[in-house]
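Structure first, then comments.
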Amino acid sequence: MIKAEKFSDEISKAEVLIEALPYIKKFAGSIAVIKFGGNAMKDPQIKSMIAKDIVLMKYVGLNPVIVHGGGPDINKMLASLNIETKFVNGLRVTDEKVMEIVEMVLVGKVNKEITSLINKIGGKAVGLSGKDANLLLAEKDLSQGDLGYVGKLINVNKEVILNLTEKDYIPVIAPCAIGKDWKTYNVNADIAAGKIASSLKADKFVLLTDVEGILKNKEDEESVISRLSYREAKDLLNSEFITGGMIPKLKCCIQALEGGVKRAHIIDGRIPHALLLEIYTDKGVGTMIAKEVYDNDNL
Amino acid sequence: MIKAEKFSDEISKAEVLIEALPYIKKFAGSIAVIKFGGNAMKDPQIKSMIAKDIVLMKYVGLNPVIVHGGGPDINKMLASLNIETKFVNGLRVTDEKVMEIVEMVLVGKVNKEITSLINKIGGKAVGLSGKDANLLLAEKDLSQGDLGYVGKLINVNKEVILNLTEKDYIPVIAPCAIGKDWKTYNVNADIAAGKIASSLKADKFVLLTDVEGILKNKEDEESVISRLSYREAKDLLNSEFITGGMIPKLKCCIQALEGGVKRAHIIDGRIPHALLLEIYTDKGVGTMIAKEVYDNDNL
Amino acid sequence: MIKAEKFSDEISKAEVLIEALPYIKKFAGSIAVIKFGGNAMKDPQIKSMIAKDIVLMKYVGLNPVIVHGGGPDINKMLASLNIETKFVNGLRVTDEKVMEIVEMVLVGKVNKEITSLINKIGGKAVGLSGKDANLLLAEKDLSQGDLGYVGKLINVNKEVILNLTEKDYIPVIAPCAIGKDWKTYNVNADIAAGKIASSLKADKFVLLTDVEGILKNKEDEESVISRLSYREAKDLLNSEFITGGMIPKLKCCIQALEGGVKRAHIIDGRIPHALLLEIYTDKGVGTMIAKEVYDNDNL
Amino acid sequence: MIKAEKFSDEISKAEVLIEALPYIKKFAGSIAVIKFGGNAMKDPQIKSMIAKDIVLMKYVGLNPVIVHGGGPDINKMLASLNIETKFVNGLRVTDEKVMEIVEMVLVGKVNKEITSLINKIGGKAVGLSGKDANLLLAEKDLSQGDLGYVGKLINVNKEVILNLTEKDYIPVIAPCAIGKDWKTYNVNADIAAGKIASSLKADKFVLLTDVEGILKNKEDEESVISRLSYREAKDLLNSEFITGGMIPKLKCCIQALEGGVKRAHIIDGRIPHALLLEIYTDKGVGTMIAKEVYDNDNL
Amino acid sequence: MIKAEKFSDEISKAEVLIEALPYIKKFAGSIAVIKFGGNAMKDPQIKSMIAKDIVLMKYVGLNPVIVHGGGPDINKMLASLNIETKFVNGLRVTDEKVMEIVEMVLVGKVNKEITSLINKIGGKAVGLSGKDANLLLAEKDLSQGDLGYVGKLINVNKEVILNLTEKDYIPVIAPCAIGKDWKTYNVNADIAAGKIASSLKADKFVLLTDVEGILKNKEDEESVISRLSYREAKDLLNSEFITGGMIPKLKCCIQALEGGVKRAHIIDGRIPHALLLEIYTDKGVGTMIAKEVYDNDNL
Amino acid sequence: MIKAEKFSDEISKAEVLIEALPYIKKFAGSIAVIKFGGNAMKDPQIKSMIAKDIVLMKYVGLNPVIVHGGGPDINKMLASLNIETKFVNGLRVTDEKVMEIVEMVLVGKVNKEITSLINKIGGKAVGLSGKDANLLLAEKDLSQGDLGYVGKLINVNKEVILNLTEKDYIPVIAPCAIGKDWKTYNVNADIAAGKIASSLKADKFVLLTDVEGILKNKEDEESVISRLSYREAKDLLNSEFITGGMIPKLKCCIQALEGGVKRAHIIDGRIPHALLLEIYTDKGVGTMIAKEVYDNDNL
């Protein structure tokens, strides 16, 4: 080996590629369902990075399936139309008029933006609504009373997803479901993503959030719990330690594992290239939950 | 053969099925691109019939590909948002704000309605925007001056359509295109349908309109010209006989034939089951244009 | 929707096609084994109708497999050759000479007529004898004493049938079997059809007869029993209600159900388009026997 | 190598297998169309040998397609029925009644015998008539005047043959053709075999006859001409040297070569295992005609 | 059938081919693993015969997989290099230097000779070492103490063998294995062949040796035991009857049967065409061991 | 986007992966033939790096085909055996004895080392000699007089390479060829690699050397010419500027381009990760020769 100082920068880069090799091998041919939403979607730079991460994953052999939300855009459009909505236990009361706007924004705006972003990077993304090929089937969710077209997901018809991934498309899914009454229902994007991951027996289910992960000490952002076993995660959920928005996220991960997913991740989408960091480097970001956790488990 | 009077109704029905057999055989395995729009989309009963016709076509072996417009819904939404638009030579001046609304309505509302309608009948429809897998590629149309995001279609990436039809899905396409500048462009639905038909070398290209077809005598709705050869159609276009909205439709049909489509049809979507009548009975509705026209040409 | 009086006839026809859609969907991709014989084969008009029904079935996705008999033609040929035969319990005593004539007529005449009839309508029929690829394997039937080459079917090699149907051919099968002693055996066409249906786990097994079906009151041709559950059919068979030629037919249907067939039908082939009526309209003809019978069971 | 006298017989046998290896390699994957007929079919021992040869060919990778005649059986049946027929230039005047008998005997007797014979040896033979899947299409042959249903072959639909051979079936074809008028026609078996060979671009077309081949000296059965180039064959045909039944056979071979067949053979079916001798040993039997003939051409 | 005296030789040959037909049918599509070694490899004439036998097997549908040894060549090369080796219980003490020579000779000389020999006859042989695609995985064999790189086979990765055979290649395998420590290990060729046969669930496992088989009476070379049941073979092994080099061979055969192989053979490679004799004639050579042995068991 | 200082290292790594994305996309599904030899093979650290680079290439979709030399090992073995060889114009006079050693070392030692090295990293390498499946066909090279078994490559049978790459194996090829006289020939590894690349119409042909590339100024190692057009390369070859060992390498590249290869590279194998640097970063190492060279041509 010679000294190759003028290439030292490039050599360092090559070494990074080589470092990623064990992870690339490990995940070649598997599926990762990624929930892309919340504030991560507000920052154009972050969105663009995530799109790049997704395309890279596809090219190195890990098949990404994207599920997105879209709260902020929905609120904006409802405001423009002077439609007031009220919330019950964090769920929007959704009448027919509101549902129409929700669907238009999710399917006709947010979904298309993400699809285009990925295609611009060189992926082949195809947007899907839960109504396409009856992908997501729902019924009215009456757990909080009748909130209108708020749906409870009862089935995932995964066939169209698999047909697309096997032809190397990247499916991008908006969480509008078709009801058994052939009406449109709004379903929670995290839950939809988890159920899609379960139906696909995905290797990875990733919730891209805008928090650091699950914290040991809520005052200390540095106290992220890196790994949780399924058992620990269930105990944590039943304790009173976990509060607020983290409860449904943790529940969602636990259900995904129960549905056959290998590993669930709650990661901080605000960190540049959080997806790649989690999947292709030794140092995971956020919290990983798996049935069994070992020391060298990231690999 | 016995007299079977108590079955006489059913026997008549069976005879109708048998009558359709030569047409079913003829079109088995071929592709029909159907532009579904205008006022045909306003009447729920008509929409439901068309959906049934489309599903039947699929089950008897003719692969339908649907392209739709959505003018009335767009206007309604723009009005609700108090956005005024102006038209130049019938083309809407489309700034970024308007384009966003156009896309939301076409992709997130009209497309989803049609998709669901077909699925409800038992088809497997999947909605697509021209941005999915870069299906429709456009550049700014400057022929009438700079009207903003009014696009001229420059390429159709048919691969995603074929991947879906071969898996027995029915693609439903909203005519929003992706620009070479990665912006969204609005393209004319008739032209998009014609170009899609050309790229697929479709056997049939059907424009579902709300007129009777091309009339010999504009005062007389009964004077529909049933068949035109390509040559006659070109002569007609160059004459001053054809006027108004029929000009772009006729042009569109002629271009589809030039692009490799076998037959183009302008039919009256207001007639119940117009699609089936045109394809599976001896008596066509509206005007058919083909390279070569013979006496028994409907079969 | 507009009034379209001049198209009213065609519209009615289209409505008939649409009415058939639920049935077309239901049976798409399934197999129907049809025993075609008896007097239905004497009337050229009926034969032609049945051929059309069969081709239509194929084109709308239900794969027909035809089994035929040929008694009358056999008798005629034996008479021309001045060969007398006697019958024991309805079974023809079949020596080598008779067997040769039986085979020639079934395979070289009746089978070819049906094959050609279907091909003339536009199907792709291929005639098979039970000797082709050892399709039907028999041994001497000694249940009524030694009647010569009267065979008891002991195996169906369905592979050649499946190879043909998957390439869209319509197999037409003559019930001559190959013996374990490499002699030719005559087997009962109804039984052969039933066993073929069982081996294929067919969705439908149809006996085209020249009676109305099973009657509640033998004096009253109008008293056809439309539906029987498997249990009811077995009870009926064990009662003394059923007599004569209906006994083996009913037995045959029951065995087909036991062999895995979903529904067995005894229908009146003399009714025009009886096959289509039974399969594609709400009003079945004749008697249907199924494991489970519900109200809307025809669909 | 040791002396292995007690195995000397077996070793000699193994050497024979090894001797066949170059021929087995050469013809692996190719098609041989074999006309099986005439007196070769009268001798049960010869028939059984030919069946064995055919099954062996299939197992060592050369796909046989069999075409047969059946004159003697036809005559016998016509005689039994007291039907007199007359011949014009060696062609039987064939009215509808005669045609029916011809078809019954060819398709229902001769074809089935050959099929069974092959299956008994362990092949998977499937009998075909020219009416199956419209395999042989004919029109009335008026070259010798109107002789009724004597047909001139105008098309071979080889698809069904190829579908069967690729699934390892051995097609056995009876030379009854379907007319453009949907009547049945009798076609010459040699010509049918030649045209089938042409349509398949067969490597070998073999006429199994009951003569030694083409003789140099008609008085001397030992004077068989082993090889003829296409040019020599044409010259011979135009000379007056060839007479009688050999003329159509030679013509048939020449046309097969013109149709794309590599080599045509006229061989003596009375010689035990003539087929294997011709194909798998150095010493051909009968006459071979090829576009180009070289010294080591049998290999 | 005519007398065909001038063809009598060829006819006898054809009869030999026909005699082989039942065996060819029986083994079509199956796998035979053949250990080729010992003195059989010293005699060029024998080697050439075996290569011919192997190619013939391939062409008539039995897929051969070859495993070879190479003791004599290894010894010669070690001698040329003045490397002395010692043996413990018949196993060569193998240090790194020796292992390198062993591998070079087995993979770079013996394997290539066999591969070329087969290709020259017209097969498509591809040589493999146990290191290719990690085909043979070993660990240090400590059963006789530490003898260096003497390996115990712990896994066979059969995938590469199957990928090659399905493309009609003949794999030729040198018994060098890759260790779990990524060092090279020498493994016993007989054992490697047996384990490969087990992993492939081969129909036949053939040890080509230079003895007559297992003898009833060691003094009498004529007293070969033709057939042994699995039980008899185990009893024999546990008795003191079997001695010397036959012990590991018999053990190897028993293990192959336990691993799923149908029949194991110990045959005398010095007999010309021993392989063909064993597989394609009634008279086996050497000893066959099978789970169940019946009278007509060779067929 | 948040500051994520504690992840800054990982983020930089992710950015490197993203930087490689355009190159990964560009070469997905293509073939690179890599000549691996000379001094690059002496340094274990370099060898290991190259193996990693090769496995990474495979995982990110570029199919590597490796060709190697082995001069130093050959010389060492010849010396151990006290075999003296002489060279004529840089070509080794190769008698049968020498050829045997050359083959043993190349196929049984060097090839196996490289194969194992790749497998250890996680690739699936399969070693091939030019004798396997007659991959490399040669005749005696008489251009410098009769030097014995020095071969001129006359054909590449690429089928076995393609069969292996499509199953995701990495072929590693030793440049021993089979002669038309069935003797073994030694062929130049660079030329073999170039011809293999031509036969595969490879996207890339890479000569890993131990020089910096082609220098503008031979005294100045910094003066590497980065890009040459085909025309410039030919001119350079015909000039007297290029001397010594670079002449055959340049010639080899030119012939590869003429044979259909898109780009040929002469790169410095001593630079760590030279392969990855050349293929996946903006800064190529060494000299690239292409039919057409543009500014952004590395991408």
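Lettered A, B, C, D, E and F in written order, each chain numbered from 1.
We take it that a contact is a pair of C-beta atoms (placed from the backbone, for glycine too) under 8 Å apart; a residue touches a chain by one contact, two chains touch by 3 or more.
Quantities reported herein were computed from a predicted structural model and do not represent experimental measurements.
A.B. asks: Suppose chain centres are the mean of their C-alpha atoms. Which chain sits farthest from chain A?
C.D. replies: Greatest centre separation from chain A goes to chain D.
A.B. asks: If you take the mean of the Cα atoms for each chain, which one ends up farthest from chain F?
C.D. replies: Using the mean of the C-alpha atoms as each chain's centre, the farthest one from chain F is C.
A.B. asks: Averaging only over C-alpha atoms, locate the centres of chain C and chain F and give their separation in whole Å.
C.D. replies: One centre to the other, that is 68 Å.
A.B. asks: So the centre of each chain is just the mean of its C-alpha atoms; given that, what is the distance between chain A and chain C in Å?
C.D. replies: Averaging C-alpha atoms per chain gives centres 56 Å apart.
A.B. asks: Would you kindly tell me how far, in whole Å, the mean C-alpha position of chain E lies from that of chain D?
C.D. replies: It comes to 43 Å between the two C-alpha centres.
A.B. asks: Could you give the separation in Å between the centres of chain A and chain B, each centre being the mean of its C-alpha atoms?
C.D. replies: About 37 Å separates the centre of chain A from that of chain B.
A.B. asks: Can you pull out the residues of chain B that are in contact with at least two other chains?
C.D. replies: none
A.B. asks: Mapping chain-to-chain touches, which pattern fits: line, ring, star, complete or other?
C.D. replies: Basically the chains close up into a ring.
A.B. asks: Under the touch definition up top, go round the ring from chain A by way of chain F and list the chains.
C.D. replies: Following the touches around from chain A to chain F and onward: A, F, E, D, C, B.
A.B. asks: Residue numbers of chain C touching chain D in their complex, please.
C.D. replies: 77, 80-81, 100, 103-109, 111-112, 115-116, 119-120, 124-129, 131-134, 160, 163-164, 167, 169, 176, 178, 182, 184
A.B. asks: Considering only the defined contacts, which chain E positions touch chain D in the complex?
C.D. replies: 1-2, 4, 6-7, 9-22, 24-25, 28, 43, 45-46, 49, 52-53, 55-56, 59-61, 121-122, 222, 268, 270-273, 276-277, 280-281, 283, 285
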